[in-house]
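Below: one structure, written as structure tokens.
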Amino acid sequence: MNDQTGSPPRSGGPVDPAVIDDLVAANCILADQGVLDGYGHVSIRHPGAAGRYLLSRSKAPAIIAAEDIMEYDLDSNPVDQQGRLMYIERYIHGEIYKARPDVNAIVHSHSPTVIPYSVTTVKLRPICHTSAFLKHDVPNFDIRDCDGMTDLLIRNEKHGRGLARTLGEDDVVLMRGHGNVCVGANVMAAVYRAIYTEVNARLQAQAMALGGPIKFLAPEECALITGRTDTNFQRPWAMWKSRIAAN
Amino acid sequence: MNDQTGSPPRSGGPVDPAVIDDLVAANCILADQGVLDGYGHVSIRHPGAAGRYLLSRSKAPAIIAAEDIMEYDLDSNPVDQQGRLMYIERYIHGEIYKARPDVNAIVHSHSPTVIPYSVTTVKLRPICHTSAFLKHDVPNFDIRDCDGMTDLLIRNEKHGRGLARTLGEDDVVLMRGHGNVCVGANVMAAVYRAIYTEVNARLQAQAMALGGPIKFLAPEECALITGRTDTNFQRPWAMWKSRIAAN
Amino acid sequence: MNDQTGSPPRSGGPVDPAVIDDLVAANCILADQGVLDGYGHVSIRHPGAAGRYLLSRSKAPAIIAAEDIMEYDLDSNPVDQQGRLMYIERYIHGEIYKARPDVNAIVHSHSPTVIPYSVTTVKLRPICHTSAFLKHDVPNFDIRDCDGMTDLLIRNEKHGRGLARTLGEDDVVLMRGHGNVCVGANVMAAVYRAIYTEVNARLQAQAMALGGPIKFLAPEECALITGRTDTNFQRPWAMWKSRIAAN
Amino acid sequence: MNDQTGSPPRSGGPVDPAVIDDLVAANCILADQGVLDGYGHVSIRHPGAAGRYLLSRSKAPAIIAAEDIMEYDLDSNPVDQQGRLMYIERYIHGEIYKARPDVNAIVHSHSPTVIPYSVTTVKLRPICHTSAFLKHDVPNFDIRDCDGMTDLLIRNEKHGRGLARTLGEDDVVLMRGHGNVCVGANVMAAVYRAIYTEVNARLQAQAMALGGPIKFLAPEECALITGRTDTNFQRPWAMWKSRIAAN
């Protein structure tokens, strides 16, 4: 399952244990919040080396620990595999980090209420101020358009590049019949977006079920909200973290 | 973020610690019941000074403690900020306390099943005896009507006054694409209303999904229920409190 | 709030503490299963005196204990009130015990998915073998037909008699804009029915949302299921009880 | 309730305690995940004797322990009953093990979101890569077609054979107004399928509620996914198991 050729990439250097702890917490928080099932994953870009990223070995997010975190280059080759099983879909992370220098954290989930939007013609759109980062119709990546009939997994650079292209300059991309990806400048932002993308999906579905025309956020409102400099990601993060500590 | 000018307002005086404990419990109860996410807040009017109110510093309701409670005047200036971060939207509280002398407790939430009613033309209406306090079509405040394109936050007195005007003499007001506010003569009543507004939203959505004409509460029934003098808010409060104590 | 006149009724005699424990467990189980909110109640007929029943004082079911159980006659007068607050709606219990000698346990709940069926013209009907006790269209009591405009509470014998009449020989009756009542020959059967009435309401709502004609249970199927002598109420009861013991 | 005639069948021999522990874990996991209520069951084929299977005595899955596991022959006669109450519907297991030599584990559940598909003309179909094992329209067994009016239970070999015939070479079969059965080559696969059949039912219902044409998985996609040799059932299993250990 290791795709590397020749010698393994060099490490980007040691990482502050507090940074690793936040990455582990991100995994556990998203599992606790029902966004991640046993098969999702969360990565961060190496804080000291833009060409490396950090991601758990193949393990359910709810139960990973600091020692499970591995380092990869952007072609998704492990720096030091030590025989550990790797996520097949790590190319999601490598290819988005290549395409988006502003992105430092990535969540791939099967967030349950979001998937239905990936298989219909109804668009997921921002309906509440807490999910203004969705901005407009959320783009939807159908791997069938990229590589025909597949097992739907992002198994290689081609798939990852296709996904990154559909994401474009946005912060969320759906994956048809599969899940979604949320990105952020830091792990708190990416986690926030993964949670509130699920929340938005629920709110929109319920509003549509009530019926009547729906007033989505206006583009100007989204711009004013996402342009805020006083958004306090730390506020819910502290709460989410306290929940996993209590488990 | 502190809007005060000149010297800070004077304190309304010391507050019974049991009153503060109830305010802290209200925050934790509403988080436990799924009404408050990381961004809502609960306040009470100062029991000894009608021109002051008590509200946590900027922190997720699930994890606040007695020492987080701050005091504000009705212009939402802090009595003694001590460098603490404040809720941007504290003007919700100040302006409603100004407009409604009968109100002594306020909950602002992003109660998940209520938001959809704020973005459609379908009205939230009382459907069950436990939510007769809704009385009729619940009013809906669209900040766009008050101040055009904004980030949807109640950031100042103008926004707060607009919201208070839409609330009028009611006990609940929706906020388009944002959430809602519930008020009460005391903290138990406000908490009760916040929880049963969410319950009513679920019941109404499910009844509408079943189809057929819906028999809402008649205005006379609402009046008879809200006019009861034997309503026992203490009964569920004790249960809600025992849940957070067990956490 | 005590409606009794003259001297209080005599006690039906001491009750086996294990019977009281089961009644307390029934309250806690139904709260844990989300059937009872802070305002429902569960009673049993006095095992040694058909003219008496046992019911908690006015307290949220989730937190009642053995010492909260009070004894009433079938006119719902307390044997020994000791100044305790009583459920206003205890007439539900007294009047049904009068009308139905086969009934030895009663649950009154605001079971959340059941209420919507009480306010539409869509009938709750048995859709799954576990809820065959519903038998046919579940009857719906509208207190407006019994006593015009009220606060919807079963406040007296007249209301209770009207409700018992609508229940008839069935095991479940809806209460418009309010909740429902489930009865049984013993407390396990009544608890089972309260839980699976809620389950049936969810299954039916989901089947209706999917669309297409629905195949409900045939009357013969209901009769064969309710006629079983090997139904094992003890099986889920042991599980439900283990959950509350773990809390 | 014991249908055996003559002397009881001989045992297939002792079983590794770790295998029994996995069977017990499967029961507890599926209860924790909301797939099994108090009335479902999980079996495995005897690892050393293809003509025997292992199944708990009649007990709620959430609370079974290793000592509750009994051994049966494929006619569903107990090897050593010891007076224990047996699941009436054990014929589900015996008859499927007879018909399907490739099957070594079976889950029978009342998985809540799956039942609605059993009573409408809408077909449950694979909508997400995690449930590609559904392959196509999931078959639906109506016991009325097999044996007319019954209590809907799989009470004998005739019912079990009918169910096995409808299952055919598939991995999931619905049971009208009752529940479903999921099978697998091992207990992890059967548990995985039981959980993701419920997940698929939710995703499909939500997609249908959004409206618009739905893009289900193509048959080629299902074949590519189910043909994978690197599917990691161990990954979510470890997480599910850690949850029940923490209870």
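In this document, chain identifiers A, B, C and D correspond to the written order of the chains, with residue numbering beginning at 1 in each.
Here is the rule we use: contacts are C-beta pairs under 8 Å (C-beta built on N, C-alpha and C of every residue); 3 or more make two chains touch, one makes a residue touch a chain.
For clarity, every value in this text was computed on a predicted model and none was experimentally measured.
> Please name the chain that ends up farthest from chain D once chain centres are defined by their CA atoms averaged.
Result for max centroid distance from chain D is chain B.
> What rotation angle, rounded to the nearest 5 degrees, superposes the C-alpha atoms of chain C onto those of its identical copy chain D?
Chain C sits rotated relative to chain D by 90 degrees.
> For chain A versus chain D, which are copies of one sequence, does the interface use mostly the same residue numbers on each side, meaning over half shared, or is it different?
different
> Per the centroid of Cα atoms for each chain, what is the distance between chain B and chain C, given in Å?
33
> Need the CA-centroid distance for the pair chain B / chain D, whole Å please.
Measuring from centre to centre gives 47 Å for this pair.
> Could you check chain B for residues that touch two or more other chains and list them?
If we look for residues of chain B contacting two or more partner chains, we find 209.
> Taking chains as nodes and touches as edges, what kind of graph is this: line, ring, star, complete or other?
Ring.
> Quick one: which chain pairs are touching?
Here the touching pairs of chains are A-B, A-D, B-C, C-D.
> Over in the complex, which chain D residues touch chain A? Could you list them?
My answer: residues 127-130, 132, 199, 202-203, 206-207, 209-218, 220-221, 224-225, 227-228, 230, 232, 235-240, 242-243, 246.
> Which chain D residues qualify as touching chain C in the complex?
Those in contact with chain C are residues 1, 31, 37-39, 58-60, 62-63, 85, 88, 110, 112-113, 115-117, 119-122, 142, 144, 149-153, 176-178, 205, 208-209, 247.
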